[in-house]
Each structure stands twice: as C-alpha cells, then as structure tokens.
C-alpha cells in the first residue's frame, strides 16, 4: 500500500479503505495467486531477468505464505487492499528486497486476470463433475423405476401417460446441454493473460508460452488491452449457471408439487426434509424450495456483472473489482445446489400407485382415440373434433372413457369398432415408439445412451 | 432443531444443514429478534397467557443473550439453522422450561417477518440520513462555488454555458426524489406482522395493538396470510436503492470524466484517490469507479428477489429465506456509497479556469444567437436555420463566433446588429432566468430552497 | 429534419435513419404532444412572445393535425425521426412560417419529457382504476363464498384450515400496496418539465405556472438540467408494475394449481380457458399461465431501463430514447393482465367440496392440538414435541387424528381430556380471532374494511 | 380455432382473445412454419401415412399460402391465435378436408419448437456474418492507421502510449469470442424437435431422420418431453447477444468520449451524426449513444426469458409463448447495431495530432522509467517508489518528465544516466514486443492473424 501510494501526501480516508478493499473476499484467490507468482518467478529466471537463486528464494517464500494461509497463521490486514498486496507484503517481511523483484514485468491488472481465470477453470471443472453426478443419479432413478407410469402434463393438466423414467431423462438432457455450455466456456477461459502488463504488454524479454505451460493454459491472449479488461469468461460462466439453475428450479418445482398432499407422487427422505416450529405434522420440501429460490440469486449476479461491464471504456477500470463476489457466490450456489439435489433425488421414494391413479382419472387417452380414428381413415382435424364432442358428452354424463359402450362411441363416428376398447395406458405408451418417444423400448435405449455419455468417465 | 424435527427418524444430511442454514447471515438480525421477543413476552404477560414472573425471567434471559452476542461470547452453532433458533436454544440452556413458553402464539413465519421489518425500518432511517448528508454536501459545494461557469452538455457535447452550482443542484433534485421514495417505502414497512402465526392468525387472546406500540409500529397487518408471505417492503427498498445508485453512477461517471486529463475540471483529494502498482504517475478515481460498478450489484439483488418471489403460491415458502442476504448487501452498499461520495465531493477541488476554457471553445452561444434573431422578429425555425448556416461558415473558415465581424453576421440575416457582439457566456446564463433555469438569481433561490428542505433538520 | 441538419453536408445514412427513428413507437404520444403544444402556444401569447392571432392559428392547426391522426389521414414519414418532428412538419405544410414560432422557448428535450409525463400520468390513473376493479372482484368473491373452508398452505403443504375468503383477501392487501405505490409514483410524475429548454432553462419571459395549470400539473420542476434527463418516474412506474405483476404471478400460480386434476379447487369458465390442438380433453388455464409468463417481460423492461440509465453523464443523451417502448409495453401488459384476471376470477367456479376434502386429510389440526396442551398448562415447546410424537405414531399406524382414541392421546400426555375430540376444522378457524386472523368474524370485518377502501369511489 | 375449442360451450372472451393471441408477432415465423409443414407432408407420404397425391396437394397449397403472405394478400385474422392456426385455416379454405391431414403425427408444441429453431438458426447465421463484417472494418481501420499513437487508458487516466491499431484490435478479440459463442449456440440449436408430439412422442411410424435431412438439422432431439419445453437455445442466443452488446456499448462509450470537444480524437461522418433542434452547432454521436442505450434492452430481454422459464413444471406451459417477442427484438437490435456500427466506424476520421498531443502531456512514460531502473538493477518495487517520488517532485515543480535535467533525475537514484533522456513514446511502444503487446511488430502480426481469421471467408 505504502509503495503504491508513494506519490501521495495523504493516506486514504478510512471510509475509502473499507469501500475499496477487496481482501475480505479475494483472499479466496490466494492459492491461484501464489501458483501464478511461482510460475512468474520461474519464467523471470529462465529468461535471465532475475537469477535462479532469486527465483528459488521467491518460490520458497511463496510456498511458505501459502502454508501460513492454509494453517490459519496468516494475518490479513484490512489496509492491504487485496490478496495480491497481502501476499507481496508478507513476502517483503520475509525476504526483504528480493521480494520487490517479483513484480517485474507484471501488473496487478494481468495478475488479477490470471488469478480469476485459474479460479474459474477449476470452478468449471468442479461444475462439470457435479453435473455429471446429478446426471448419474437421474440415470439410476430412471433405470431403477423403469416401468412406473405417470401422467405427462402440459399446462399442469394431465395430457398423455408417460414413463416416469422418460420424465426423469428430460432433465438428463437439460443437464447435458448445461455440460456442453460449461465446456464451451472453458475454451474461452483457458487463455493466459499474464504478460499483458497494465495494458500495453511488457518491456521485458518474457516467455509467455513457458508461463502457459507451467500454469496449464492451452492458449495465450493475443491483445494486451483486451486481456486486462476482458471478463467475458466470468459472465459466460454466470450465464451458463443461470440456465442450469433454471433447470434445477423446474426440477424443484416438480418436487414441491409431487410432495404435496394433492399429488403425493413422492416422499422425500427425512434427511432431506425439514419440519415446522408450529406445525409438527409438516414435512417440508425446503431443499427444493431453497434451490428454486436461489435461482433468483444466480440470475441477479449475472445481471449485476453485465450492468457493471456496460459502457466501460478500455482498459482496466476499478469497476471490474465487482467481478469476483458475484462469481464466487454463483459457483458456491450452483455447486451446492447440484450436490444437494443429487442427494435429495437419490433418497426420495416414488409412490407408483398414486402416479398410476392420477393417470387413470380424466381423459388422458383422448389423443390415442384421435390417433385411432386417423388410422381408420379419418383426417386428423376431423378426428380431433369427433373426440372433442365425445369427451364433452362423457363429461356431461359424468363418465370416464372406459365407461362408454361401443354404441356410445359409435354415436360420434361409425369408424369406432370393438378394438377401441383395447386402448389402454399401456398401449398408449407402447405406441410412442419414435426416437425420443416414451415407449419402454425408446426409454431403454435412451438410458443406454445416457450411460455411455455420463457413466463412462 | 431437535424440537422441530421430533417427528423425523433421521437427522438432516450434513449437506442439507449447510444448504439450508441461514445463521451465517441472519445473525445480523439478533437485536431485532430479541427486541421482538421481549415485546412478545410482555404482551403474553399483559394478556395473562404467561405470568408476569415468567415474562420477567424471559426478558432478563433475552437481555443476557443480547449481551453475550454483543460481547462476542455467544457460540453460534451451524446446526442451529437460524438466529431465531440460536437465541431460543441459548434461552433454553439458560432458563429451562420457561423458555419454551416464549414461542406461544407465535411462529417463525411472523417472527422472521417482524425482524426483517424492524431491520428495514432502521435501514431506511439511516438511508434517509445519508441521503440528506450528501444533499448537504452538494448544497455546500453549490453555495461555495456559486459563480463558476462550465459547459452544460447534451450528448457529451458542450451545448450551453451553465453555472457549476446549477449542475450540482441537479443531483440535489435526484436525491430529493430518492428521499421521497424511501419515505414512501417506510409507510409500507411500518406495519406489525407479529400475531399472524404461521399463516392463519393465532388462537390466543393476544394484543397486537400493544405489540405495535411496544415495537414502534404505526399499523398492524390486516391479513395473516399476506403478512407472513409479503416481502414487498424489501423489494421496494431495493428498487428505491437501485434508482439511487443509478443517480450515484451518473455522478460517478462525471467525476471520472472530470478527473480525466482531457477534462481536468476537478482534482480529487489524495485521500479519495488511489495509485497504480505499475504506473506511479496515476491518480485514479477508484472510489467513483467502484460506486459506478456497484450499481450492477444493487440492480442484480433487486432482480434476484423479484425472480425469487415470482409465482410463489401462498403462504410462506422456504424460497423467502433468500430475501435477507440481498437486502443486507443492498443496504450496506448504498449506505457506504452515499457516505464515501459525500467525503469525495467534500474534498475535491474544482478547477474553474479549465471549466471556463472549455466553455469558450466551440459554439456554445449558438442558442443565444438563435434567441437573438427570434427577439428581432424571426421565427424560431428560420432563426435556427440561419444560425446553422452561420456556424457552418465559421467552421469552414476556422473561426469562433467572437471572431466574426458584423458584416459576416449580416451575410446570414439583416436582423443582426452591433449588439449581437454583446452576447457573452455571462449574458447567456443571466438570460435563463425562469424557474429551474441556470441564471444566478434562480440558482440562488434554488440553493435557499434546498437549504430549507435539507438543512433544517 | 432538414432544419435540424442544416449545418451538415450529407443526409444521414439510410441505416442510421432506421436505427435512430422513434416514430414507429412514439406516435402513441401524439395527443400529449399536441396538448402540450397548444398550452405552449397559449402561454407564448399570454406572455406576448407571439401574438394572440398567431396562437389561435397554431392552436387550430394543431387541432387539425390531431384530427388527421385520429382519422387515419395523417401520413407518417419514416424520415421524420419522431412524433414531434412529424407534427411540426405537418404544421409547417399547413400554416407556413408561423408554425416555426411554436418552438420558441422550447426544446425537444423538455417537450419529450413533457409528453412522457402526460402519458405516464394517464397510465397511472388507468392502472389505479384497474387495480381497484380487481380488488372489487376479490371482495365480491370473498363475500359471496364467505363460509368456504380450504387448507392454508406453507411450503405447499396443508398447514392449517382457513377461509377461502381470507385467502382471497390476502391478494386484496397486496393490491392495496400496489395502489399506494402507483399513487406515490404519481406525486413524482406530476411535475411540469416544460420550460427547461435544452438543459439550461430558456431566455424568454415564459410563464411556467400558467403551463402547469393548463396541463394539469401540480408542480413545476426546479432544475432544468435534472428535468430534461430525469426518467425516474418511468423507472418507478416499472418497479411498481414489477411488484404488481409479481402478485399476479402468485395468483396465477394458484389458479394453475387449483385448476389441476390433483387439486380441483376451481373450474375456469370456458371463456377463460383454451383447448389443445392434439388433446381435446384439455381445459388449459392459459390466461393464468400467460399472466405468470408475462411477469418476466415486465421485470426485463425494468432491468433494461435501469441499465440504460446507468452512468449517463448529464444532461440529455440519446440513450434516453430507449425509455418509451419499455414503458408502453409495461403499461399495456399490466393493464391487460389486471383486466383479464378480473374477468377470469369473476367467472370461475369454486368447488367447495374438494377444498373441504383437502382439509380433512392429513394432520391439519396439529397446531390446534398444540395450542390445546398449552392452554392446559404445557409450555409451547414441550407441547410441540408431544404432538410431533403423537403424529409420528398416527402416521405409523395409518390413522388420522380423529381416528385416535382418548387413550391413545393420553399415551402422549396426561393433559389430554375428552374435550380434545371437540377440536374441529371449524373450531380451529373460529379460534383465530385476532386482527388479521382467519375467523369468520375477522374476515367479515376485513371485507367491510376492504369495501370502504375499494368500493366507495 | 373452432376445431380446438370444440369441447367448449362458449367462445373465448374478447379480452382473452387479445391477451392470448400471438399472431401479431409470430407471423414472422410463417416461412419457417411452411417449410416445416412441407417437410412434414413429404415425410408422411414417404412413410405411407398419407398418399403422395395428398402430400403434393398439401405442398402446393402451402407454397401458395407462402406466396399470399409474401405478396401481402393474406388476411390475418386476430381470432386465429397464432401463425400455425392462420396457415392451417387458409389451407382448409383452399384444400378442404385433406388439409386436416397435415396435423397427423404432429402437435403445435413440436411445431412451434421447430419454427423457432429454424428462425434461430438463420438468425445465428446472420449474426455471425454481421460480426465478421464489423471485425473486417476494425482490421481495415487498424491497418490503415497503423502508426497512429494514442494514450492507453486505465481508470480513464492516460497510462501508457499504445498504437491506435492495438486499441482497435482489442475489439476484434472481443468480437472473436462473440463469434465463438454464437457458433457454440448453433450446435445446441441445430437439433430437430419435430416428432415429439405434444410431449410423449407420436404413435405413428414417422421418420425423424428424414425430417432432419429435409430441414437441414444435424441432430434429432432425444427426449420428447424436453424437446417441447426446451428454450435453452433462445436464452443462449440472448446471453451471447448481451455480451456482444456489452462490447458494443464499450466501443460506443469510447466513440462518445473521443467525439467530445475535450478529447477530439475522432470526427464522425455527417451521415452518422445528428443535429439539435435548439443548438445548431451540435454534432451529436447519436448512433453510438443509441447503441449504448440499447444494451439495456437486450439485457432486459435475457432477464425476462430467464424469469419466465423459472420454475415451470414440465412440459409445455403457455408461459413459453413469451419466448418469441424478446428473441425477435434481440435479433433485430443486435443485427442493426452491428451493421450501423460498421458504417459508423468505416466513415469516421481519426485526428492523429490530437491523440498524439494527449500522449505528450502528463507522465505517460513513468512505467518506462521504472523499467529503466529495473534494467539497471533496481528491484521493481524500489524502482516504483523512486519514480513515484520523482513524479511527485515534477508535479510540485510544474515540470514534465522531459523538462527534468539529468541532475534532477539523479537526486532520486544514482542509477540514472544520460540514456534516460532517450526514453520516448516511440521507444516505449517498441519495447512492448511480447505476444499481445503494442509494439508495431506485434500489431502487424496481430493484423495478419486477424485477417486470416476474419477475411478468408
């Protein structure tokens, strides 16, 4: 701090120190910062900018700082603005003058960009793993409950019978797209910014390729002004996380619905429910509700950073400091949500008889009747109209479809024959035997495919 | 916790505990929680639901818990879910069975609604104070620099000369609307929810009016189902905060611009600037930049809670737990921004000669020339066209307006007379002597009015 | 256009014309623009800036333009940028030179601010009316179905029995706060900006008080720079609309749930449902779903304008043109949603027997049992624990509460006596006789109060 | 309509028709709808579900409907809900009963998903083209102004000299990432949903692979429930568009700044500027401002759809209808912005002398002095401190660096030698000769690379 302010006559106002400090959140970057510094020291030595001895001294010092932090012995001082200054200050205490050489051919602008990219790469990798795990849980559930039948809904109205496994695999697909988005985000994150200096590049004979290899980056940034002011990778992570949380919120909504007394399709495990302080009978799906609620938080962070970045002139502006908290919170929220949802799904019990009962009521086979008439030669639109009138008749006479006699059927179309009464929930499901359809055969193939994708790691 | 879970066979999964706990942020509500509990105990005694002695015991216990927390002696245990349970558990340890009576005629649903309203009322009151303080700083600056002239901009192009004081008072007006919005928000926050039970009201002869008086509420909620699931007051605070941060972001943008080498209208105090690790010559307006950047964060929290609340069925759902962190962060961000901006403005130095120089270049008196012709009888649109051609001529001949001879003027309109050359920056400002205009007379009145509003507290 | 560009050598690029034109949406402001111009002409005449004859001519011309637009005879030309230029150009055609006088002492900046405020005032007034109407529908439903009992939910789990009327009135309360927010927004919208010129005020002896009276404004803006760049009133409308749509989305969610085959609490009228192209049996709550979905649209517009306004330096910047489309869409969406929801509610049928059946299953009287023990002297927390164990026992033995014998009750607490079996859904509701509670007496009072507020217009 | 409602006793309320209709915006999908229907008819014939003759009749009818729409002869009727019904109704009029066969093995749910994917694929393709074009403009400008020097800014303070070309290429890099994101989005959009039926698949022997080939899709959806309720591809387009608009907003901000009287780095072409109604001297960067302002609109649509999708249970819900308007507006806004920015950049004039002058003032070579000392053996941190004191001295003595004598230099460090005075703006730029740095050599390579990427189409 004192170094950086050396031109100034006054220390910063105390309010300012508090307002501008990022140490209370960016300490989380310490391990990335230290990894980056070690690689930088090695590179400086390799290029003859500092001596090998100096590099070794720096590296040992940095390792020690990391240990101190991990062991809780490191003293974070609020006036040290950020983790980079905190590490450097400790290094100065420890090593004296040689510590001052570490910042050669480097600026905080490229250093912070580096740390954040290293963090984000690791976050993406953990995210991919957690998505995969939730996918595996879904596959396990689908496979283990392969013959359960439930209503498929549109507009939350029972529309056609489907296999529960088919419904579960819809979420597998959503998560597969999420997986792809995070992989794509990784490509654009996996680029070394170090060596861009403050904004213009550095005036030393550095070796950025060596740095990239040391730090495991696939590519090196191509424009220094862009490299220090680019936070696309953070926004892209947040956007992918928003979509993923949206998927979890849909799943959460269904878990809440399915746990309700009115649906009763599932029972959550005690370990994944909570009670009420006033109503002892309650078994609340709090985990699902919280996951649904946390969607707002993740969307909000995305919106926040997009807003922060809007209309900033090049290159680095202090506004960019607002990139970290939102990202950390998004990563924490997404990872914990993915994990806790895996556990919640893995432990819940389905109630097949209730699902089946929900299938039986209503006119869930209406589409099959329409298809029946089409097969007998009626045009689709006419068939649709005929079945609509038939249902209207049944509703008015308080009958379900299987209570109708063939004569009653034939009042609406002469094409109905005795085989109309062979249409069942099972036949309905079996008939939907196209790619992506809900027939058992298709679902079994889908499970097989899903296992190839998500279980052969 | 054990109490609440007593129907369950299993403890919650560890991941679930971590996922659902709010103690790490809602401990901030402890003082409101304890105030609420003391009032509740008194009410229960007053109504004969518990004895006076029990009430006294509870009150003493609660006061002690508060002290333990303030003195850092209180042990927060992660498994205690939230601040309400943490306080109650400690009370149980301390007082035994009688502590169990405190929850009579109360639910966590109305309790948490109460705590959050008490917190928000206090936050609004602090916000109003901080807005007022920034307004006072603006008045002081306006009054102390009353004769400074600067370009008034549209499209960031110099348009007409204005008094710096007039420009500063524009922000006074914005903040005045902000003040009004927070006052309006207070009306709707200042309503006691306690007594609503879980959702249906309570089955005891409670006295909600007494509670309202004890806790300083002006009104009592009129519908228990609404009362436990209403978070409008939080959203309304966040919306008002978003607009206020938007105003600060505009001010921040101008401070950044005015600090630039190209404008040089101001110099920030060393205590409100920061340096660069690589470029010692820099004096960066970090505080303004951060304030501008933090606008995104505040918008994001608003969007987050709006999203969280979307489509929640009545009444309480666990999603609502997401209300607090966003609110706390918004309050902290807004209050610290208002305070640090006051300090930054109060200590900066204007550079009147640079502002004046910026006024002199260009054709900033073009509107005055148009008005001149209108006063001589030309229609406004014709006058506008004539001046446009005149300026086009001047630009092509590389002249400023005051370099033009009367003959040159008269090439464009015979209405020009010698007095056209008396049009000056000063005459331009003086002429705008309508309510809200930039003439010194109007600005002095505006300062007087502003002082009446914001300084007579 | 030609007038405004007279300094330029080139016409704007065609892409630019299309990109910058606002005529395709701001034509909606024509009536406000013309009202403003008439008032302005009268003021100019009153102050002797133009003659009475000129004012009369202008006024007649403006009235004719309005008629042409209303009768669909007006030709909107894309190159006329905006409605203000379109009206002025037509006036020029019609009246010649005198039309050029109308813009005296006025700028497009204060003109557009005026038009938008006039529009918003009218929008607020319509919004207040539509909210009131929906409140009246809720009162009517509450009053007409006063004795219907339904489960009150927390976490979408039945928690305690409530009166349907009580549930409906929760929405009355939400709408009442919405009403208040729009009224508060009106105060800050009802301020005349005209007379602020481009940014600095005008150099004519105008009479802003006269303008305010002519145009029905309660107040006159106090700072010209603020007046031309302030869009707080638009954001405030959008924020209030976002909260109101959030309320409607909650109502919509419940309508969707209650229409489901699993809940069956209501049946929507055919006129407010739609069918399916493939499944003739479906009766879909599309109106409720769309209302729920449109919440996103309204939130998005709010976020959009907040973002647009972020960090704009004073005063007018072209970015501000983005204020209108979002506002228009928000007003249209909110008004149509309020209206269509009124109709949907007014025509739906409740199914009291289904609601009642939902009340009977489960352990919805658990709280009443707890309260029972507390009245017999048990502390609340102990009572809670006892009832929790009792329910656990009942669940395991597959019994409901009213299937338990007194002996079974007494296994859990000796305090249980014969009167425990008198606890019923009705007694539960009647017991919650506190302000805001669900007892019939309280609900009747709430209805009375609601009628005083919302029906005595 | 009548077909779909045939079970209902009442027509929909007029308000409902207006509220639920999407025809006024989804007519834009007509060509995709008709392409999809033609492919569907061919597939039905190929599979023997309808006859070849029927298929031909349907195809001819569909081609004619398309022509009627293109020629403005098609009558859109508001009661026809959406474009799919409008096309089908016309086909019925035209062809009678056979038209009713087109909907065999298809639902509006998979039909609308298909149309929207076809539209989005085309939108992505146009977006990629427009990004490329803007990149080419940037390359052209960079190459054509290769030797211009300007200040590189951090915190809007001049920090180090850079080549203008280097600055321009930073935007090339941003756009390159945008390009990649849209390409990645395309992968997930390029999946055929048709054949999913309402939600469960279809009960006909269809051929989805044939459909995919006919319609140019690379893949076929694997889960019907997901396929009809997935709008990830729309959100992903919007997220990529938001980041791209953010980049344009940064460029816009710089154009506004650089056009200002204080910077004067550029002059916009008359065709890309607009004037003022009141101030004829103004040449306003309206296009840049509008582009910057429209960023809010694009963010808002993203937030809107994310909100709409939140917590929707599977599968199709009417809320999804809200997907289209936001997408259309986003595509229109992004494409027009990219195009108009290309034109604006292509026609603006740089003012190299003003940029150069801005470089010369201040202490822009401070970093080079620090590097100088480091090369002489000083540690970086010490060197930083020394230069800071040197600058402090210069500021107090009102001198620039090149006004300091060697003696003055040596007061601060004995390492300074005569060659310190050879440090120039040019040497500074030349020294930054690392990958991504601003040296002419690096910039020339970057231009070459950029051309390979973006010009070899």
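We call the chains A, B, C and D, going by the order they appear; numbering starts again at 1 in every chain.
Heads up, the rule we're going with is that a contact is a pair of C-beta atoms (placed from the backbone, for glycine too) under 8 Å apart; a residue touches a chain by one contact, two chains touch by 3 or more.
The shown structure was predicted, so the numbers you read here are calculated from the model rather than taken from an experiment.
Q: Give me the chains shared as neighbours by subunit B and subunit C.
A: A, D
Q: Pick the pair with more C-beta contacts: B-D or A-D?
A: A-D is joined by more C-beta pairs in contact.
Q: Centre to centre, by mean C-alpha position, how many angstrom separate subunit B and subunit D?
A: The mean C-alpha positions of subunit B and subunit D differ by 33 Å.
Q: In whole angstrom, how far does the Cα centroid of subunit A sit from the Cα centroid of subunit D?
A: Centre-to-centre distance between subunit A and subunit D: 23 Å.
Q: When you check subunit B against every other chain, which residues touch at least two of them?
A: As it turns out, subunit B has residues touching two or more other chains at 3-4, 6-7, 103, 109, 154-156, 159-160, 197-198, 257, 275-281, 283-284, 286, 289, 292, 295-296, 299, 303, 306-307, 309-311, 317-318, 367, 384-385, 388, 391.
Q: Help me check something: in the complex, which residues belonging to subunit B touch subunit C?
A: So the residues of subunit B in touch with subunit C come to 3-4, 6-7, 92, 97-104, 109, 152-156, 159-162, 166-167, 169-174, 177, 180-181, 184, 187-188, 195-204, 206, 208-209, 220-230, 232, 235-236, 239, 242-243, 246, 249-250, 252-254, 257, 292, 295-296, 299, 303, 306-307, 309-318, 367-368, 371, 374, 379-382, 384-385, 388-389, 391-392, 395, 428-429, 431-439, 442, 446, 449.
Q: Where on subunit D is subunit C touching in the complex?
A: The touching residues are 3-13, 15-16, 18-20, 103, 107-109, 197-198, 269-281, 283-287, 289-290, 292-310, 317-322, 325-326, 336-337, 339-340, 343.
Q: State the interface residues of subunit C toward subunit A in the complex, per the touch definition above.
A: Residues 151, 154-160, 256-257, 259-263, 275-286, 289, 303, 306-307, 310-311, 358, 361-364, 366-367, 370, 384-385, 387-388, 391 of subunit C touch subunit A in their complex.
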